[in-house]
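There are two complexes below, and they share chain A, which is joined by chain B in the first and by chain C in the second.
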Partner chain A sequence: MTTRPVLLELRGLGKSFGALAAVDRIDLAIAEGEFFTIVGPSGSGKTTLLRMLAGMEQPTAGDIVLRGLRINDVPANRRPTCMVFQSLALFPHRTVGENIEFALKIKGVAPATRKIRALELMRLLRLPEDYYPKSVTKCSGGERQRVALARALAYDPEILFFDEPLSAIDYKLRKTLEKELKDIHRETGKTFVYITHSLEEAMVMSDRIGVMRAGVMVQVGTPNEIYTAPRDRFVSEFIGDVNIMPVRRVEGGRLRSDAFATDFTAPRMPEGFAAGHLVVRPESLRFVTRDGEAENVLAGRLYNEYALGSRIQYQVRVGAPEGAHVFIVEKLRQQAYAGALDDEVRIGWDGRDSILVGD
Partner chain B sequence: MGSLGLRHALPLLLFLLLGFAAPLLAVIGYSVMPERTFGLWQAPTLENYVNVFTSTSWISFLTSLTFAGLTVVILAFACYPIAFGLARTFGRWAPFLTLLFTIPLFVSENVRMYGWVLFFIKNGLMLGTLKSLFGFEIESWLFTRGMILLGMVYVYLPFMLFPMTLGIAMVPKETRDAAYDLGASRFQVFREVDLPLSMPGIVIGLLLSFVLAVGAIAEAKVLGGQRAIPITHDIEIAFTYSQNWPLGAALSVLLMLVVGVLVVGVLRRFDLDAILGRR
Partner chain C sequence: MARANWRGGLIWGWTLAVVTFMYLPALCLFLASLTSSRYFIFPITKWGLAWWDKTFASLEIHALFRTSILTAAVVTAIAVVIAFFGALAFARYDWRGRSIYQKIVLLPIFFPQSVLGLALLLWFNALGLQLSWQTAAFAHLVWIIPVVTLVISIQVYSFDPALEEAAFDLGASRFQVFREVTLPVLLPGVFSGALFAFLLSWGNFPLSLFTTGADTTIPEYLYAKMVAGYTPGVPVLGTVSTAGAAILLLGGYALIVLWRRRRET
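The block that comes next holds the complex of A and B.
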């Protein structure tokens, strides 16, 4: 959490549809000017949460507090917030300029002033000025994203909500827009609350991330905290490919893996830890050729390799072919494994490179 | 490939030519034949068209256009709230209500018209009941211009309602939410988003019901008691009792022209593809 003042606070916020709790008593504080991202798989409740924050859904429990004022009953059109929708929801019968000016027109701003502001926003969002009279339906995917963002900024909201606006965009453009969005956040200084199912997207842009699962905010932290210290197995798996082994604590501060009938050196052990999962990231695993090269070593067979651009990912199978445990090892291309598929290999890691998590 | 496709399409093309184009061409041909002739091989003349404007037929034209115009105006205002409800607010009741509006279409128009007659006729269902139960003596509304209009509104309601409902249902919810989120009131959302984006449905409904209403005849005959003479009645008389096919054909051609010009004009004015964001 930064030292900036809290702008938006959720106090036990919940939304139930009958017996189903789509959002389950969430407590959260978002600071002014923060880029906060809520991530979670489909059905985790993140869109319902965002719609409550935007005023499009009424909470069934708890409060939404903006600058100290409870805004549960303030309708969406009176909240100082604005949403960029997943579909962008541009007005197809209006031009780029008319879309951007919409909120100003509703506020009764004079046409000439509206146009000046629209052109300012178009410059900020790198939209050519001659797009002003262009129909939004003639714009490309990236341009439409920019129009949607300019339209929301024209409302001059205190908080901008984003409902997975980049989910339907091809990879290359998405990467560009992620960076642009972060730049615009910096340039405008607005508070951004962004939801996505892609933790990778969240990592690139966010000051802090909240991970949701089944309506519950399971962990809130900086991208680094989420990556290096996931709270549980769900968060650690959600981050991407990981190697997970069930372990229990044994005497001497070591961890026992019954699956591999061996002990591992432990990372920093959480207080009171008795049993859980040992998480080793693919980039923390390495091929071991000499004894003593790694604290923990497992023998297996190199099953396959996958080129990922600058990196190569290896699949190593440990144990008998039927019911073998699959491990993923990731190396930079210049550190590629020199042998061949089906080689007998040993993979290893040090205790400090692993993480212990609960269920 | 092209010639193969053409050969396969030939039966359908011939069917269309015979079934659609040939009667039209015959009507156009007859409209320039001399009065009361039954052949198509005489010197063409425009006297039938002149006769339309020198006889009382132009009044029938105006009558039909006026009734059709009034019908679509009433339908537009009556149907939009119902269509809005069906598309947005009636929820699980919408299919049932849609069925209620659809059921009358299963019954012949004439049968429905006579149903109204039995309902409104002196000593009929309504007036007879009022008289016997309460002693009210009310003049029958049958055979008035208002009754013709009521009949037309009743008959053509589904043709306005369903395209409108479809048009309103096609407005994306997120687009409406976006307008509301950008500070618009409910009325402004309706004015800025719902109405323009549902315009294709409205325009189709207006055109469909106008084109059908301008060719209406049963309402004037059954409910209006010939209080107003629509142009379709003149056309029928010309082709039957008067045995003046060329005059009937000229009236038909003029009616087609008026309707055609109107339809093309409206479609040019309202670029439906542009409204829907396809162009």
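The block that comes next holds the complex of A and C.
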């Protein structure tokens, strides 16, 4: 948590549809100027949560508190918040300029003043000024994203909500816009609350991340905390490719893996840990030539390799061909494995590079 | 090559057949109006515009136009408003009973119009209402509102509800959302619905026959004159009525196209 003052607080916030709890009593504090991202798979309740924060859904439990004031009953059009929708929801009958100026028109701002502000925002969002009279239906995907963001900024909200606005655009443009969004967050100093199902997207942009599953906020932390210290198996797997081995605690503070009939050195053991999963990130695994070169070593066969641009992923199968345990090893291209497919290989890691999680 | 020629010939033949069977009768009607004779004789021996002059000079015809235009205009105004909100109700919002409501609203489209006309006549008599163009307008509405609802609902189904949410989220009141977003976005559908309403009322015969009483609309007059008292004024009036409808339809279509182009530039 940063030292900035809390702007938005969720106190036991919940939303049920009949017996189904879409959002289950969430407690959370978001600081002023923070870029907070909520991630989770489809159906985890993140959109419902965001819609409650924006005033489009009424909570069935708990409170939403903005600057110390309960705003549960304040309708969306009276809240100092604004949403960038997944579909962007640009008004198709209006030009780029008219879309951006919409909130100002509603507020009764004079046309000349509206235009000045719209052009300012277009410059901030890197939209050419001659787009002002252009129909939004003629804009490209990236331009439409910028118009939607400019329109929301024109409202001058205290908090900007983003409902997966980058989910429907191609990879390259998404990567560009992720960085631009982070730049705009920095330039405007606004509080951004962003939802996505892509943890990669969240990692790039966020100050903090909240991971949701089945309506529950299972972990909140900085991108680094989420990556290096996932609270449970779900979070560790959600973050990306991981190698997971079921383990149990044995005498001497070691971890026993029944699947590989061997003991592993343990990372920092959680209080009262008896059994769970040992997580090793692909980049923490390395090819070794002999036992002792790493604290934990397993022998297997190099089954395949996948080029990922600057990195290469290797699939190593450990154990009998049928029912083999698959490990993912990731290396930078310049540290690529020199051998060939089907080589007998050894992979290893040190205890401090692994993470111990519960179910 | 031979197969392509055969396919091309088939398309041309088909098009010619459609034009012949659908538009040739209208052309015959126009030709029949160009005779100077008292009776319709084909081929036409004496060509002239005498019956056009007589028709347009007739006060009775002027009254017919007034009645038909007034009826169609009133039907259009009322049908569009009711149909617009009716279409929103089942195509935009999800509520209990929506499916049944949709079926009930659209069912009158499939009623035989003559039966509907008779039923309404009996109903007006039971209520003690004197038959006039107003009762005819009501009768038209019973059949036209469902049609217009269907036309507008096609546009409503493609409407993104997030547009309204976005406008509301940007500070607009419910009324401002409707005025600034919902109505303008759905306007092409509303316009198409209005065209449908006007043209269906303008050309309606079965419902008018039972419900206009002493007032007469153009289709009723044409029918009456065909049964007894035919003059070439009948095809003149028929041509004007058909051409008016066609011009309105094409003009309306051109307006929609222009509006869309303007929006997209």
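As a working rule, the second predicted complex is superposed on the first by the 359 of 359 C-alpha atoms of A that agree within 3 Å, B and C clash if a C-alpha of one lies under 4 Å from a C-alpha of the other, contacts with A are read in each partner's own complex, and residues count from 1 in each chain.
Heads up, the rule we're going with is that a residue touches a chain if its C-beta (ideal position, glycine included) is under 8 Å from a C-beta of that chain, and two chains touch if they have at least 3 such contacts.
Quick caveat, the model's predicted, so the values are computed rather than measured.
Novice: Based on the superposed arrangement around chain A, label chain B with chain C as either clash or fit.
Specialist: In the superposition, chain B runs into chain C.
Novice: A:Ala103 in the overlay: touching chain B, chain C, both, or neither? Say first, second, both or neither.
Specialist: Touch status of A:Ala103: both partners.
Novice: Scan A:Ser167 for contacts with chain B and chain C and give back first, second, both or neither.
Specialist: neither
Novice: If we overlay the two complexes on their shared chain A, which of chain B and chain C does A:Thr137 touch? Say first, second, both or neither.
Specialist: both
Novice: Classify the contacts of A:Ser257 with the two partner chains as first (chain B alone), second (chain C alone), both, or neither.
Specialist: After superposing on A, A:Ser257 lies clear of both chain B and chain C.
Novice: Figure out whether A:Asn77 sits in contact with chain B (first) or chain C (second), or with both, or with neither.
Specialist: Once the two structures are laid over each other on A, A:Asn77 reaches both partners.
Novice: Kindly classify A:Thr188 by the partners it touches after superposition: chain B alone (first), chain C alone (second), both, or neither?
Specialist: Once the two structures are laid over each other on A, A:Thr188 reaches no partner at all.
Novice: Touching A:Gln313, do we find chain B (first), chain C (second), both, or neither?
Specialist: neither
Novice: If you stack the two complexes on chain A, which partner ends up touching A:Thr265: first (chain B), second (chain C), both, or neither?
Specialist: neither
Novice: Under the contact definition given at the top, report the residues of chain A touching chain B in one complex and chain C in the other.
Specialist: Shared contact residues on chain A: 54-56, 75-78, 81-83, 85-87, 89, 91-93, 102-103, 106-107, 135, 137, 151-152, 155.
Novice: Which of the residues in chain A end up touching chain B in this complex?
Specialist: Chain A residues touching chain B: 54-56, 75-78, 81-83, 85-87, 89-93, 102-103, 106-107, 135-137, 151-152, 155.
Novice: Would you pull the chain C residues touching chain A in the complex into a rising list?
Specialist: Residues 160, 162-163, 165-173, 176, 180-181, 184-185, 187, 263-265.
Novice: Taking the complex as given, what residues does chain B use to touch chain A?
Specialist: Chain B reaches chain A through residues 172, 174-175, 177-185, 188, 192-193, 196-197, 274-279.
Novice: Across the complex, what residues on chain A touch chain C?
Specialist: These residues of chain A touch chain C: 54-56, 75-78, 81-83, 85-87, 89, 91-93, 102-103, 105-107, 135, 137-138, 151-152, 155.
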